[in-house]
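Should a chain be cited, it is by its letter among A, B, C and D, assigned in written order, with residues numbered from 1 in that chain.
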Amino acid sequence: MEPQVYGLSYAGSFVSLDAAMADDLSVVNSARVSFGKRRDFLNDADKGLINFLLRERHGTPFEHNSFRFHVRCPIFVAREWFRHRIGSFNEFSGRYSEMPSEAYLPPETHWRTQTGKPGAYTFEPVEPEVAAEAQQILAEAYDAAFTAYAKLGELGIAKELARLAIPVATYTEFYWTVNARALMNFLSLRTHDAAQREIRELALEVEKSFAEKMPITYAAWVANDKVAP
Amino acid sequence: MEPQVYGLSYAGSFVSLDAAMADDLSVVNSARVSFGKRRDFLNDADKGLINFLLRERHGTPFEHNSFRFHVRCPIFVAREWFRHRIGSFNEFSGRYSEMPSEAYLPPETHWRTQTGKPGAYTFEPVEPEVAAEAQQILAEAYDAAFTAYAKLGELGIAKELARLAIPVATYTEFYWTVNARALMNFLSLRTHDAAQREIRELALEVEKSFAEKMPITYAAWVANDKVAP
Amino acid sequence: MEPQVYGLSYAGSFVSLDAAMADDLSVVNSARVSFGKRRDFLNDADKGLINFLLRERHGTPFEHNSFRFHVRCPIFVAREWFRHRIGSFNEFSGRYSEMPSEAYLPPETHWRTQTGKPGAYTFEPVEPEVAAEAQQILAEAYDAAFTAYAKLGELGIAKELARLAIPVATYTEFYWTVNARALMNFLSLRTHDAAQREIRELALEVEKSFAEKMPITYAAWVANDKVAP
Amino acid sequence: MEPQVYGLSYAGSFVSLDAAMADDLSVVNSARVSFGKRRDFLNDADKGLINFLLRERHGTPFEHNSFRFHVRCPIFVAREWFRHRIGSFNEFSGRYSEMPSEAYLPPETHWRTQTGKPGAYTFEPVEPEVAAEAQQILAEAYDAAFTAYAKLGELGIAKELARLAIPVATYTEFYWTVNARALMNFLSLRTHDAAQREIRELALEVEKSFAEKMPITYAAWVANDKVAP
């Protein structure tokens, strides 16, 4: 994989806005087409309209835009991402290319224990010495896995089979193209406290791009408790 | 409805490209992410890749782009358009606004008769005097319909009920946002000889925008008999 | 069109459940697969689970089922129906077949006037004599339209063009296949007070089938203010 | 995970048809609704219609049905499966439940080497002693990974983090609900020679259910070179 110099990064992960066709005006114009109206600039009344649309969950006017992200993250994070079906994905292939021998190792501050019920867990950091021990256990497991991956490759085993050894924390990368309506749905779920921290931190990077490109829509969504329309 | 001065028009119909995030490079980069590769400019080898993707019907790399069109057309044309579910629509509302008292009247050259079986009709132009008579019949029917619509309005009947009188040829307008993969599917069906002429003429306008924004993809799609990947 | 003897009807409209693969157990099993659990019968705890899923808007477990409806309704109602993209449609074709010369004429009790703003209209019935006059105006408009349609046919004009004369209230029919998650979204919008009465009455028929096949899910959805998950 | 006694199995993998609402008649009726026709039994002419629809790629009539499968397979296979967006999924959660310490170990006959270009690989079996060595390398890697997973659990690390150690060959399970049109697309790609053997073997089980429930559609699809409509 070529070095990535653009965008925001989180350890081996990054989220980079690759392209966008997104502004608040498109929301207003696609809503006002109901009345056969169109304008070239936003005015103050339009903010109220955007708020109204979000609050009343009229979702379709938020679909006439597009964000393309380039993302690198561990496979277990990508798996949650790809559950979002309204959007487009193309990903690194472990059948076609050698996987990077690089997996996400949580920094010491991220090791946590859980209590409570599924969907409503509470997470608490573990003691530093526990975190250190956990890191070492995981690092050794990664080492064993990538060593096996390399050995299978040396034996001439097809890449698609050799990869069976690699951990779900191995990094992958993909392009993701999505409209603001689906994006808000993604953000509602993946920036939520109940989301796994590893995807939440990347979703917060996605959120920044959304806020920057569609500030009025973003503010209205926040004011509406981040419920997707 | 406000006058529309931009874009291409077909009598009362028009197709106008409102915005686009579309280029051939995005196809190549989203395909090459399989190999962890990315580049900033297209080269000659990339044309071969785009051809390969189209021929082998690898469709997903053609999804990382977006076209937003503003369209005005008769309702019976819009109905065919809205059957395309992969894409976003917002339309003029006859519940919220008064419908334009304007319907599509085929020009003399467009009146035709059909022979053959459904899905494989052959259309032949009718004699000029038949076309003239047909035009008059239709114009009178429109007049009766819009007169009824106006009268119902004058009686204080709700717009959503008064509209029951209007013909399916009445003009409507909408925004349509779609990616190139779904666009190629639309164009395959709607620029085809078997498509109704009234949607085909508008689809050909859509095709021009596609050809302009993604010329290499367009050429590959044409070379591939316009089969959508 | 052949006479339809099965199902519920509303004047010329009807909604008929054609087939279903739908029960509450599938919701529970697709949710419990998160834990690798499966059971063959519902128990009381499962009701709580279904309530929880609906309240917390975990929508995917409600997708593992399918309803197929056969619907006949006016075109302007079908147009609202077809806006629901998560689902499958096949419809009568005015290009392939002669349209029925039959359009929806609101009964006297249904004629109404509107006040208020778009999206929040209040409708009041009009006086009986106004309703009677409106009915006559509309009936005459229909008569003119279908007479024109017949005349164009007699002139040998292709069906796809002759139909331009017909009103948006002309009856059409279609099959619609949909899962419970998309169905709840449809019902939330189309049984709502803000929906047009003509689609609301048919949506209420759809709702009966849903309630019958998935009674626990239905009860939970009602208890949750009919918000779709 | 509870023992699964029903359905077909492939080592630790299985595909089990959980429910279906699927027959060839629904294809015919949803196509014939274009003409306002409906029948209660298939006749010989209908076979020709189904062939015609497939050949001409009229896909929508194949959507009015539903198959629900219960699948167990390795994560790397599930990842390919979940790329198919037209359909519904619910999966085992490694955040909520302890993952099975069980991963797919290819039998001796399955170890292979690859030659050729991506998308057109040729695979050849490796020598038995190479296969045996590969098996041992992989088995040891699995052992190291699941040992680390268990140790992290014993340290009190949250399941969602402990799982980082496990390999992509670990078994998962899910429900998948899909219509015949999307199913044919899945089968075209995943029973193809170019598909990875591990998903192909499971896709062939899926194909059997399709052939059984919709034999005429299946035969037409095979006659049409398994191109999805």
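By definition in this document, a residue touches a chain if its C-beta (ideal position, glycine included) is under 8 Å from a C-beta of that chain, and two chains touch if they have at least 3 such contacts.
All figures in this text were calculated on a predicted structure; none of them were measured in a lab.
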Chain pair, B-D or B-C, that carries the greater number of C-beta contacts: B-C
Proportion of interface numbers common to subunit C and subunit D (over half same, under half different): same
Centroid distance [mean C-alpha coordinates] between subunit C and subunit B, Å: 26
Between subunit B and subunit D, centroid-to-centroid distance (C-alpha), Å: 36
Separation of subunit C from subunit D, taking each centre as the mean of its C-alpha atoms, in whole Å: 34
Contacts with 2+ other chains: residues of subunit A: 34-35, 89, 93, 96, 118-119
Complex interface listing, subunit C residues touching subunit D: 1-2, 18-21, 26, 29-31, 33-38, 60-61, 63-66, 68, 70, 88-93, 96-97, 100, 173-175, 177, 179
Contact set on subunit D toward subunit A in their complex: 74-76, 79, 82-83, 85, 89, 93-96, 103-104, 106, 110-114, 118-119, 121, 123, 126, 130, 133-134, 137-138, 140-142, 144-145, 147-149, 151-152, 155-161, 163-170, 196
Residues of subunit C touching subunit A in the complex: 34-35, 56, 118-119
